[in-house]
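In the two assemblies presented below, subunit A is common to both, partnered first by subunit B and then by subunit C.
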Partner chain A sequence: MISTSIKQLLIVMLVVFLLAVLPFSVAEAAEGVQVTVPELSSSDYPVIAGVNSRVAVWLAAQLHLWFAAFVLAVPIFVFIIESIGVWTRDQRYDEMAFEFIKVSITAYSLTAILGGLLAFSLFIFYPQLMTYLTGVFSESMFYYALLFFAESVTLYVYYYGWHWLQGGDKKWIHLTLGLLLNAVGTLLMLLANAWLTFMMSPNGVDTAGTFTGDTWGAIHNFLWNPINLHRVVANVAFGGSVVGAYAAFKFLSASGEDERAHYDWMGYNANFIAITALLPLPFAGYYLTAEIYEYSQQMGITLMGGVFAWLFIIQAVLIGTLFIAANYYLWCGMGRSEGAHRYYPYIKYIAFVIVASFLVWFTPHTLVLTNEELKALGGPYHKYLGPLGIMPAKNTAVNLMILFTAVSFLIYRRSNKLPTVSWVQTGNALQIALFVAGIANILILGIYYGYFTNTVYKVAASIPQVLTTLVVIVISTVIDSFLYKGAEEVAPLRWGRVPDRSQYALFLLAVAFTWLMGLMGYIRSGIRQHWHVTDVFRDNSVDAFTPTLGYAANVVSIGVVIFMAMVVFVFWISQVSSKKSYPEGYWKTA
Partner chain B sequence: MTQFLKIAGFSLLVISLFATYSNLGIPQIKPAPPPSQESVDLSSMDMDSFISLGEKIYNTKGTCTLCHNELGGRAPMLDNLGEVVSARLEDAGYKGSAANVVDYIVESMNEPSAYVVKGFGKVGTNDQESPMPDVRSGSIGLSEAETLAIVAFLQDSSGLDVSIEIPSNVEEVAEVPEEVPVSTGGQGSQRAKYASAEEIVAILGCGACHKIAEFEGAIGPDLRLIGQSRDAEHLRQSILDPNADITEGFVAMMPPIYGDQLFASELEMLVEYMASLK
Partner chain C sequence: MQKIPKLLQVVLIVVGVYFGFVLLFDFILGQVIPSSLLNMYMFFIVAGVLAVYTATEDGTRELVAPIKSLVEDPSKKKTRNIVFAVTPVAVALFVYLQLVPSLEAPLELRSIHPAPPSTVKIYGKRFDLRTLVNPYRKLEEEDPEEFRAMVEAGASIYIQNCHFCHGDKLDGQGPYAAGLNPVPLNFQDVGTIAQLQESFLFWRIATGGPGLPDEAAPWISSMPVWQEFLTEEEIWQVILYLYDYTGRRPRSWEE
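And then the complex of A and B:
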């Protein structure tokens, strides 16, 4: 017999589901709708209280995006962790999932507030652009607002019903709510992505930019799916890193061993989520970039070979930092088990490859040099380091970095275990052969095709390099899971037994991820250059110029500081909510 | 509280390191401002000026050199049109309607897929579709007069006789980008024009490799009397495309970046100065 409250809940879920499918009705072309592109001059852009409109919108958009990425990503891995808890019946997973969602619930309202700030900023500072965009996307914007109700209802029931919906069918209903929450959240993101990708690669409009009613065409523009994919993966990596920072903060402030052990375990899982999503991220980036080139060679070359090219050197530094921090955290984590001593000698080699790859990745191709430096160097390119500045070297470096991070993870997994299967030697030999063959293939593709053939092959070789990396990681992980099935635990993992400095690696990950997202957000938007909507709606404001990278980096840095301050508030408020005090003599006694 | 302050300090340190590196560790390139409209009186132009206008649009607003260059292999070079156009017009893969070089070049700019040079088509189209955009549309948006100026430039640079007429009844206003170099180097602020050729030589560091003025560079050719053996045209080419003709005994190592760092008038000032070194 279903209780009344469960019936009520099912009705709520049905309403949410109906709200979620509503946006699909916008796929039809609206008859007779025409939205034309206005021709603007700089006087058409309002100046209000001396505020720099571009920076105001830039910061509001970026802050909204950081929080939105966080609150959309957390339910994805909360759902997965909760499912693992149901599958293994290990309550620790359920508790950890709840703690994660507790952090995101406060962030949720901040996301909405920042979304409002962004919308107001856009309407105030760029009214004509917003008139055009709302003309094109009016229906989807309306459904976007409706979906927010669905998202809020689902999130609140999912969070506040966590301890109510426990055990048996109730747990399944709760899991279904988690799934629904993710579906609605993803749909919200897809709609918002449609608006911004339309500005990059407009579709559903004629050559003059006039919208003729094909809403689905405008949504399903050329770069929509590549951005969708890239954002989902990046959001999970980013969300993992932020909750990792939360766990690290709690670990460092913990008063007892049990608390340290809990937050160490939580931090490990958060880092695992972040790194698991980070590994395929460069490939999602390749796909997005390839699609940008496919859409417009001009845009692609502006991105990778034009004014933004140096930005990717900064990106290399950031991603290198992420990989080094993630590996360092894993190596510190090996101290949890005495059994890890067997693998310590290998760490220095892994560290060498990762640092060397990092250095290759951020070696610039050309340098701005003084006369004396130019003379000393004998030309603008260094004889030996110059070749490391081009993409084949960087592709090779990043693939090696990813592979060796996978090696770090594999030896971490093995640190407390001894395999008991009869084919141990064969399995190890297979894995070693796989890695050696993979590395050799990546090097051959990178060196031979990168330097001794023409440009077409240089670019094309990056795809088999990526596939090699993926194949090696997937097959070696599969072999490893069979190899260590039923393995004997020789030295148990002692959660909490890690040095404090390992937790700073988690903070480094969170800060670097946030900064990297800010930088990539700038470039994604910046490659439109002096166009509000690429090639159809020109930006004639005084801020239509592309700023220097230093300027962009400063804006991003200010944004990161504001974001971090708000995140600290979120962490603090989520702790405050669970604190209770009993002031003696304050309340009247009955 | 101590932990909190430590973490906050650490995070701020990391952020400031990233910001410092972005400001000081990499060159601050100030991109060219958006193209603006400038009136050009076509009726007063002679053919040399019209060709020069075409070259300017080719290198800037037209963004042709993004793909038509020797480095990327993304699009065919356009310095041999005189040799290849006839064969292309007779090629079975030609889908256009041009009957001569001028029509062919105009058609290639407006309908790039009319003929796709082998190996330069969009991936997966078997060279049936060109990745090049229609130059009349979008961010390039060339007018008819601008298109013809580029045609004149391409004919001239391919060694062909320039067979077009300067349009007088098409339009009198052509869009020309402002005269701003791609890179200003240094700290990224837009710089003032250089006052003299000597200043350009000093600032671009020509003396690091060449003997010129008071500099004693020994990596590249001696330029102290370069005007005796090279005319202005050759010198201009040597700055814009330094590896096109390498002086015997030297290797190709001068980067083709200096043309981008100069205003057109500065380039001419430098060329004139070098031609006078006799």
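And then the complex of A and C:
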């Protein structure tokens, strides 16, 4: 028999589902709408209380996006962790999943507040642009607002019903709610992505920007799917890093051994999530950039070779930092095991390859030279370092970094295990052969096809490089899992026995991810240059120029500081919520 | 043999790598390593080395032991006082030397990749650079003989007009090159024309330095506006020659 409360819940879910599917009727509803592009002058942009409208919108949008990315990502891996708990019947997973979603609840209201701030800022400072965009996307914007009800209801039932919906069918209902929450959240993101990608690569409008009535066309513009893919993967990596920072925060402030062990385990899992999502991220980024180039060579060159190129060097440095920090965390984590000493000697070789690849990864194509160096080189071109500045070198380097991060994972997994199968040597030889062949293939593809063939092969070679990396990781993981099936433990893993500095690596990951998102987000938006909507709606405000790199980096950095302060608040408040005080003599006794 | 203390190992590795780079680039390869890049390299090499040495508890203890003993050991009072006095002075001196104004011109963050506009006006006509192709490229397959004639015409135009700066080997080492800063583009370099579409070259040759976009200015280019000296056909022929001589293929999206 289904209880009344479950029936009520099912009705709520049905309503939520109906709300979620409503946006699909948008394309039909918008037929016949005429929206034209206005010609603006600087006086059409309101100046209010001396506020710099660009910076106000920039910071509001960036802060909203950071929180939105976090609250959209957390339910994705909470759902996965909860499913693992159901599959393994290990309650620790269920508890961890609950703790993760708990952190995102406070962040959820901050997301909504910042979303409101962003919307108001846009309507106040850029009314004509918003009139145009709401004209094009009117229905989808309305449904976006409605979807928030669906998102909120599902999230609240999912979170507050966590301990109620436990066991048997109830757990399945809870899992379904998690799935629904993710579906609604993803839909929300896809809609918002459509607006910003429309501004980059407008569709559904004629050459003068007049809306043709094709809302679906406007949504499904050229860069929509590349951004969708990139954002989903990046959100998970970012969300994982933020909850990793939460675990580190709790670990460092833990009072007992049990608490330290719990948050160490939580931090390890969060890092695992962040890194698993980080591994395919360079490929998603490469796909997005290739699509930007294909949409507009001008945009592509402005992005990576022109005015924004130097920010890409900072991006490269931050991504390398992520890889070093993630590997360092794994190496420190090997200290939890008594058997790790067998693998310590390999760390230096892994570090060597990762650092060497990293140096190649961030070597710029255009070098910053002093006059003396310029004279000594006879010009700005460096015979040996110049070739490291182009994509084949970068692709080769990043594939090697990813492969060796996977090696760190493998040795971490092995550090506490003793294989019992008879084919240990064959298995190890197979894995070594696999890695050697993979590395050779990546090098050949990068060097031969990257430098000695034409650009069609050069660009195309990046795909087999990626596939090689993925195949090596998947097959070696499969071999490893068979090799260590039924393996003995050297000793029980000592969760909590990690140095505090490893926790700072988790903080570093979160800060680097945040900064990276801010910088790359600015570039993505900045490549429109003096256009509100590329090639159709000109920005004629006083801010219709590309700010200097230093100025942009400062604005982004201030945003990072504000975001981090708010995140610390979220961590603190979630800690406070579980504390109870019993003031003596305050309450009347019965 | 006594084991080298870990702190000394770290110092030796870092110093060794630094001078290794200088030796390799400045002396063996004969191409100096830019100090800005070397500083960035060294920062992450130090980070990598420290990551390896502090990955284990024992390693960390051994690494910081000399520093700890310097700070805590009463018998090392004299050395400690010297280190505590010298270190801030050394840091201050380093900061001073970094910040003191010099007569050297500031570093230039020059971008060498101008982004092409979507459309451009050349010879009084508007060209769409997104769809523009070299009209003679198709001859390569359709009429190889005619194609060779086009390339040879391009070669003589190049020698008459371009080689003074870009060099007879297309390596940017023409007789006038030494007088120019920045030096003319080296077409043999894998990072130049091999990365570009022919429409891009057409735009750059036809409109020259003055036709460069406003973004990331100043460009400091002495490239002439060749549409004032060459015909449209001649520019396309020169482009054929550039790719033919260097053995590079123009960038294209598909084949």
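Going forward, the second predicted complex is superposed on the first by the 576 of 590 C-alpha atoms of A that agree within 3 Å, B and C clash if a C-alpha of one lies under 4 Å from a C-alpha of the other, contacts with A are read in each partner's own complex, and residues count from 1 in each chain.
Simple rule for what comes next: a contact is a pair of C-beta atoms (placed from the backbone, for glycine too) under 8 Å apart; a residue touches a chain by one contact, two chains touch by 3 or more.
In this text, all values refer to a predicted model and were calculated from it rather than measured experimentally.
J.: With everything superposed onto subunit A, say whether subunit B and subunit C fit together or clash.
T.: They clash.
J.: Look at A:393 in the shared chain and tell me whether it touches subunit B only, subunit C only, both, or neither; answer first, second, both or neither.
T.: neither
J.: Can A:509 be said to touch subunit B (first), subunit C (second), both, or neither?
T.: The answer is neither, since A:509 touches no partner chain.
J.: A:252 contacts which: subunit B (first), subunit C (second), both, neither?
T.: A:252 contacts subunit B only, not subunit C.
J.: Looking at the overlay, does A:317 come into contact with subunit B only (first), subunit C only (second), both, or neither?
T.: both
J.: Quick check on the superposed pair: does A:564 touch subunit B, subunit C, both, or neither? Answer first, second, both or neither.
T.: The first partner, subunit B, only.
J.: Applying the document's definition of touch, where does A:301 land relative to subunit B and subunit C: first, second, both, or neither?
T.: In the superposition, A:301 contacts both subunit B and subunit C.
J.: Let me test your reading of the model: by the given contact rule, A:546 touches which partner, first (subunit B), second (subunit C), both or neither?
T.: After superposing on A, A:546 lies in contact with both subunit B and subunit C.
J.: For A:535, decide between first (touching subunit B), second (touching subunit C), both and neither.
T.: both
J.: Given 5-13, 59-67, 95-103 or 167-175, which part of subunit B has C-alpha atoms clashing with subunit C after the fit on chain A?
T.: 59-67
J.: Which positions of subunit A sit in both the subunit B and the subunit C interface?
T.: 294, 296-298, 301-302, 305-307, 310, 317, 364, 366-372, 374, 378-381, 454-456, 529, 535, 546, 549
J.: Give the list of subunit A residues in touch with subunit B in this complex.
T.: 207, 249, 252-253, 294, 296-298, 301-302, 305-307, 310, 313-314, 317-318, 364, 366-372, 374-375, 378-381, 454-456, 504, 507-508, 511-512, 515, 529-531, 534-536, 539, 544-546, 548-554, 556-557, 560-561, 564, 568
J.: Quick check: in the complex, which residue numbers of subunit A touch subunit C?
T.: Touch residues, subunit A against subunit C: 294, 296-302, 304-307, 309-310, 317, 320, 324, 327-328, 331-332, 334-335, 344, 347-348, 351-352, 354-355, 358-359, 362-374, 376-387, 389-390, 451, 453-456, 499, 501, 529, 535, 546, 549.
J.: Quick one: in the complex, what on subunit B touches subunit A?
T.: Checking each residue of subunit B against subunit A gives 3-4, 7-8, 10-12, 14-16, 18-19, 21-23, 26-31, 33-34, 63, 66-67, 71-74, 119, 122-123, 131-133, 137-140, 182, 185, 188, 205, 207-209, 217, 219, 253-255, 257.
J.: Give the list of subunit C residues in touch with subunit A in this complex.
T.: Where subunit C meets subunit A, its residues are 25, 29, 31-37, 40-41, 44-45, 47-49, 51-52, 54-57, 60, 104-105, 107-118, 129-130, 172, 177-178, 181-183, 186, 189-191, 194-195, 197, 200, 215-216, 248-255.
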